[in-house]
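What follows is a pair of complexes built around chain A, which joins chain B in one and chain C in the other.
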Partner chain A sequence: MSVAPESTPSPESTPTPASVPASESVNRSDPGHPAGLLRQPGNRRPTGPRRSKDLYFHIVCIFVAAISIAVLSWLLFSVFRKGASWLTWDYVTSPPEPDPMTAGIFPAIWGTIAVCTLCALVTLPIGIATAILLEEFKPKTKFIAWLYGLIQLNISNLAGVPSVVYGILGLTAFVSMFGLFESDTPGQPAFELGGTSFQQYTSLSGRSIYFPVDSSSDGPPTLVDGAEAFQYSIGPDGRPIIDLGRLVPIQLNVLDPGDPYPSDQELKSRTVRHDDYGGRVHDRPWYYFRLPLGSGVLAGALTLMLVILPVVIIATQESLRGVPSTLRDGARGLGATPWQVVWNVTLPAATPGIMTGSILAMSRAIGETAPILIIAGVVYIRHVPQHFMDDFTVLPMQIYNWIDRPQEEFRNIAAAGILVLLAILLTFNAIAVLIRQLTQRPLS
Partner chain B sequence: MAADSLDQRVGRIFESDRRNLASVRRRESLIFACLVACGMFSLAVTVAILVVLVTQTVNFFGFEEVTVGNFFGSIRWNPLLGAEKSFGIWALVSGTLMVTTIAMAIALPLGLITAVYLSEYAPSRVRSFLKPILEILAGIPTVVFGLFALTNNTPSLRLIDERFMIFNAMSGGIAVGILCLPTVCSLAEDALQAVPKTLREGAYGLGGTRFDAVMKVILPAALSGIVSAFLLAIARAVGETMVVAIACGNSPQVTYDPREQIQTMTGFMVQMATGDVSNYGIEYSSMYAVAGMLFLLTLSITMVGTVVRKRFREAYE
Partner chain C sequence: MNLDENQNAADLNPFRSGGDPDSDSTATPSAAAVTGEQDATGHAAESAIVARDLNSWYGDFQALHSISLDIPRHKVTAFIGPSGCGKSTLLRWFNRMNDTIASAHARGVLKLNDTDLLSSAVDVVDLRRRVGIVFQKANPFPKSIFENVAFGPRLHMRLSRSDLGDLVEWSLRKAVLWNEVKDRLHAPALGLSGGQQQRLCIARAIAVGPEVLLMDEPCSALDPSSTLAIEELMDELRSQYTIVIVTHNMQQASRCSDKTGFFFEGKLVEFGDTKGVFTRPEQKQTEDYVSGRFG
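Showing the complex of A and B:
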């Protein structure tokens, strides 16, 4: 692309008279030689202030370009130096702890995987469908053309909105759902599907008793004699099996004031005091669903969907535009309906570009902290999310949590977390580049 | 088989693969309706943003402690002080502007010069080396820059001048500038590449150096694209959250000294979301009001950038 005016044309391009042997070295300053014409005063290369300005600017350009390389190297080097020694196998497989020496990043990795997979499953259909609508189904009336223009303008604007605003929107629209589903106790779901809740009491002998309650938001149940409650079943080794899915029913005995204190061990193990308050526990399978969604994995995935949807749409539009129209016309000529053309011809041809764009969008979603911070707040999560409404944390958020702490060691494990995050992003980008390389084939 | 007449056999062939045209049309319209619904979804997102922000801002101004005069006139933002709450937005806006100014002072010149270098000066080997580096820089998550600002920028700045505080505007501004540099560079390079070759070759043909061609022909021709690139980078710097939340501090004040703590609009939103504020109080609504201002600011900058790129683009062919 750059044209270099300094290069002089080779002597071969000017006609050599037969009298000058080709083996002679060319003296370009000699006016007698054809090439010497180029060194005449009228044809000089620019000298003086313009030439030196060009040279200085070239040096400045190289220097500035080197700055970006230097900054990137310094960034990676300082992160590496801070965190590399803290990146052990224990670090990757343990939960976060208050002590930086034993803290790990395991729940954050699984939270990231859960949220980003769900986000991809939600975003890709909507994004690709919107791009197909805008590119393949051309408007036939002025109104629809105006609508397409509005959608296109809208997508360009949405691409520039900061991700905090999407976090705020997710907070209102997905976490609290515009306040539409309000239960009596704030924070508890108004509608639940699939979960069972218990009120947990400690019996007189120390074993736990589980009293079923109808929903998460009910108050504590009234205890009556002879009501049915549950306990952990006793395993073959004589110790209780801690599994809320395998409870055995017992008959509850309530110690009202004035009742004699039981001496029988078996009776004691199913007796609770009448004024015992207990605590709420839940048994929620993976398909548990609640409304409002609360700050769970699903709400996080939907909020991230808002962030990366414009990116996916724009990338898909670019790759659909890259499919030559001869393919589409050929399919139409064979009698395919417009959707058949899209599904059978255009989409397969554009798939490499779409996949590359989606993977790059997912890389962006993996690194997004602000929306998740807004919807979830600062939480201390030690477990992998068990169902779609469960609390979660993602890698960037765990890193942010650690950075905010004052002790120096937390900065070190934050740097180790950054190394894990960068490794994941590098893998994603490498996969995208690999897909781009492997599927480059000429389409026409 | 010979008993079937030819007509019967041809009829069987034709009928076996025939699909009902009406059902095909129905299926096509159904699919088209689904696609239109997805297209409307993006419009619904914008409408939802507007509805949420507008209703909550109206709710915010409905509180008696908040007046429009105080919001737009005061320079003190103290939503959490008990008796003396003040909701002057200028404290937060000034923090945002300070960080953005520092960031743009770094990103715009360096990004433009890098773009000029990539477009006009660099040999292709250097290009193939430098462009991936800029892409990597663009892909690094912002928390990394936050940690970088806190652990590298601040100590280095404190070495230079003792009076830099632990959280200061300058270290956050520098990190945001490094963040925005790849954006400026790639958009400006697109604008420079879009200048037709004929203009360049004309400049060189008249005896210009590369510097002459860049300064006198190419940059003026690509000016609309470059201005649009600058505006989009400014919008990005205004919306930057994590770097300022980590490195710039939590005390909103109007100050011209980059060594002091400030709080930006985005930093305030993070502080509210991660703190212990009840869901319906005035502090919660103030978060939405600030989000509304932020959205308006970035939307206007983005739209002006798009308009500048489309309206003032020189058409040479």
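Showing the complex of A and C:
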């Protein structure tokens, strides 16, 4: 047959051998039609380079997935091997110590929980509200539209800013508040609410005496005989109740030079030497507030808010955009106000997406180290934060602190800390996924 | 004028106590009878919606050219015409749904009773309660059947549980859906069939007690039996509601409407009694379209 010379003009048909004359004839019956090309034997579906390409791609995908799973499991395995035996109940309930054998991570756990919960409480309403404004309340004038564009541009840009930069912003905006609240005494807040300060002395009998002072004052106050001071109240068991909120008043007696040394036990217990310098203590309830915020829990939470706010806004916008406009039209057609449309229709339909975005954002906040490092620094914290202005440390900071030490044991307790961090992260995520499932159910 | 007020009283009462639907059906036919009388004389007050020289644009594109028509009260008016001829645009001006499109604007006169619909002072939220709309694609909310119907009334007023239940039942009965769903009112609405969903949307629309019901190709996604159900429903509703329906189905327009308007390229080519438009059209274009010669 003279098939081969005839088919030379078309380059596509040259690689196909003239072994299938039947289909060749089909091809020739409709030479001008593109469907004819599809019917050429070399392009039949199940064989040839297309099938092998598909196979290669499949193999590459499996390979890439395997690499990431392998790296993750290797990481988890090495952390587990180092830290698992150090992860004891004592470890999660004790404060950090200079001795790695007794050191624990309790304050850092509560620091992380406090900062991240506060961060979520601040970020989610602001972020979701911003996204609703940008998506659901479209601008009516040119100027507002321009403003919206500016906000949108900023949000997109902020999402890409390194978190250490947010740390510096947080330091300026929240910790020192641009120096707007300068007090007369350096290092003291200019404005305080709900806190009491005392100068603490030791009486001749050894009991502590608390003399109330102005929190913004510096140095010891002048003591005079007969001034009102405070002591711990004595409980029914005869021991003092260690609680600055439940002090009892006493009449202060100052032992000036030349005064006779008191012999009366009662008088001794409320007598202070005139040259006793004392020390400053503060009684701050949970609602204690000060300006500037200082490097406390609230400043940390607000700084983390800066880090995750763009993420929350963008995720919420995406899920609002995903709500079909027919639903909005349906509600509008019934006479719903714009707010009723958002609250009753759009927001419920977008909730799963918003929750997913928020979970991712919160996971990021839990693991974030750089901004906290700038806000709070590497500090030695032995107590759980008591109020919103209290000093704090978080798990990544504590881990960072330990990893930096030369002793091998500290690296092991750091590994145990990583396990705790992962556990908290997974718990947060599990709770959020659970909430998402519960909110999703009535909709579907 | 007096008559107008009476009708408004009957129609505007948004949540006529659903407790005994009979009281409504006795009240309204009498009003409809009066309407019929008035209609015979061709009185102007019989128009629910009046448009005069209405022009509308999307940005620079003019979608409607000088539309003038009167939509009769308590009748079914059908808009027919090829895609993109402006019939949906006009419909969406009747309850200002076009407000959601930033570039849409209109000039001319458009009145519902004596309210200027194009005025910026008009309260669109209240307008959309008075002028309900059913869309081409059934769009029940992802809630239960009951919640879907109760959605509208809840937006506007606080009702006791039993009143709300009565109102939902009344609306579903009106929409000829009650018997199919009465045992599963709290099942998800998205589990209903397409035709049931569309009737649910109609029930949802009439639950807020509108005066006018707009239907934007309500049957285009439905099978013939669901279409029939909705056409019967329209027949049922026409005694109490002014209905405007946009349809691509000319048989449907001829079957169930009293008046028909034929639109072409943004212009109202012909508007008149349905029988006349379909049997003795005045315009050549209309004749070509209704006889299937083009479109």
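Just so it is clear, the second predicted complex is superposed on the first by the 356 of 444 C-alpha atoms of A that agree within 3 Å, B and C clash if a C-alpha of one lies under 4 Å from a C-alpha of the other, contacts with A are read in each partner's own complex, and residues count from 1 in each chain.
Here, a contact is a pair of C-beta atoms (placed from the backbone, for glycine too) under 8 Å apart; a residue touches a chain by one contact, two chains touch by 3 or more.
Because the structure is a prediction, the values reported are computed rather than measured.
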| item | value |
| --- | --- |
| Three-chain arrangement built on chain A, chain B and chain C clash or fit | fit |
| First, second, both or neither for A:C119, with chain B first and chain C second | neither |
| Partner chain in contact with A:I381 - chain B first, chain C second, else both or neither | neither |
| First, second, both or neither for A:T337, with chain B first and chain C second | both |
| First, second, both or neither for A:L327, with chain B first and chain C second | second |
| First, second, both or neither for A:I403, with chain B first and chain C second | first |
| Winner by number of chain A residues touched, once chain B and chain C are compared | B |
| Partner chain in contact with A:A349 - chain B first, chain C second, else both or neither | second |
| Which superposed partner A:L302 touches (first chain B, second chain C, both, neither) | neither |
| After superposition on chain A, the shortest CA separation from chain B to chain C (Å) | 5 |
| Doubly contacted residues of chain A, that is, touched by chain B and again by chain C | 337 |
| Complex contacts: residues of chain A adjacent to chain B | 1-3, 5, 46, 50-51, 53-54, 57-58, 60-62, 64-65, 67-69, 71-72, 74-75, 78-79, 82, 125-126, 129-130, 132-134, 137, 150-151, 153-158, 160-165, 167-169, 171-173, 176, 178, 186, 306, 309-310, 313, 337-339, 360, 363-364, 366-370, 373-375, 377-378, 396, 399-400, 403-404, 411, 414-415, 418, 421-422, 425, 429 |
| Residues of chain B defined as touching chain A within the complex | 24, 27-28, 31-32, 34-36, 38-39, 41-43, 45-46, 48-49, 52-53, 56, 110, 113-114, 116-123, 126, 130, 133-134, 136-137, 139-148, 150-152, 178, 181-182, 185, 193, 197, 200-201, 204, 207-212, 214, 232, 235-236, 238-242, 245-246, 266, 269-270, 273-274, 279, 287-288, 291, 294-295, 298-299, 301-303, 306 |
| For the chain C and chain A complex, residues of the former touching the latter | 95, 97, 100, 102, 125-129, 132-133, 135, 137, 139-144, 151-152, 155-156, 188, 190, 201, 204-205, 208 |
| Contact footprint of chain C on chain A as seen in their complex | 138, 324, 326-337, 340, 344-345, 348-349, 442-444 |
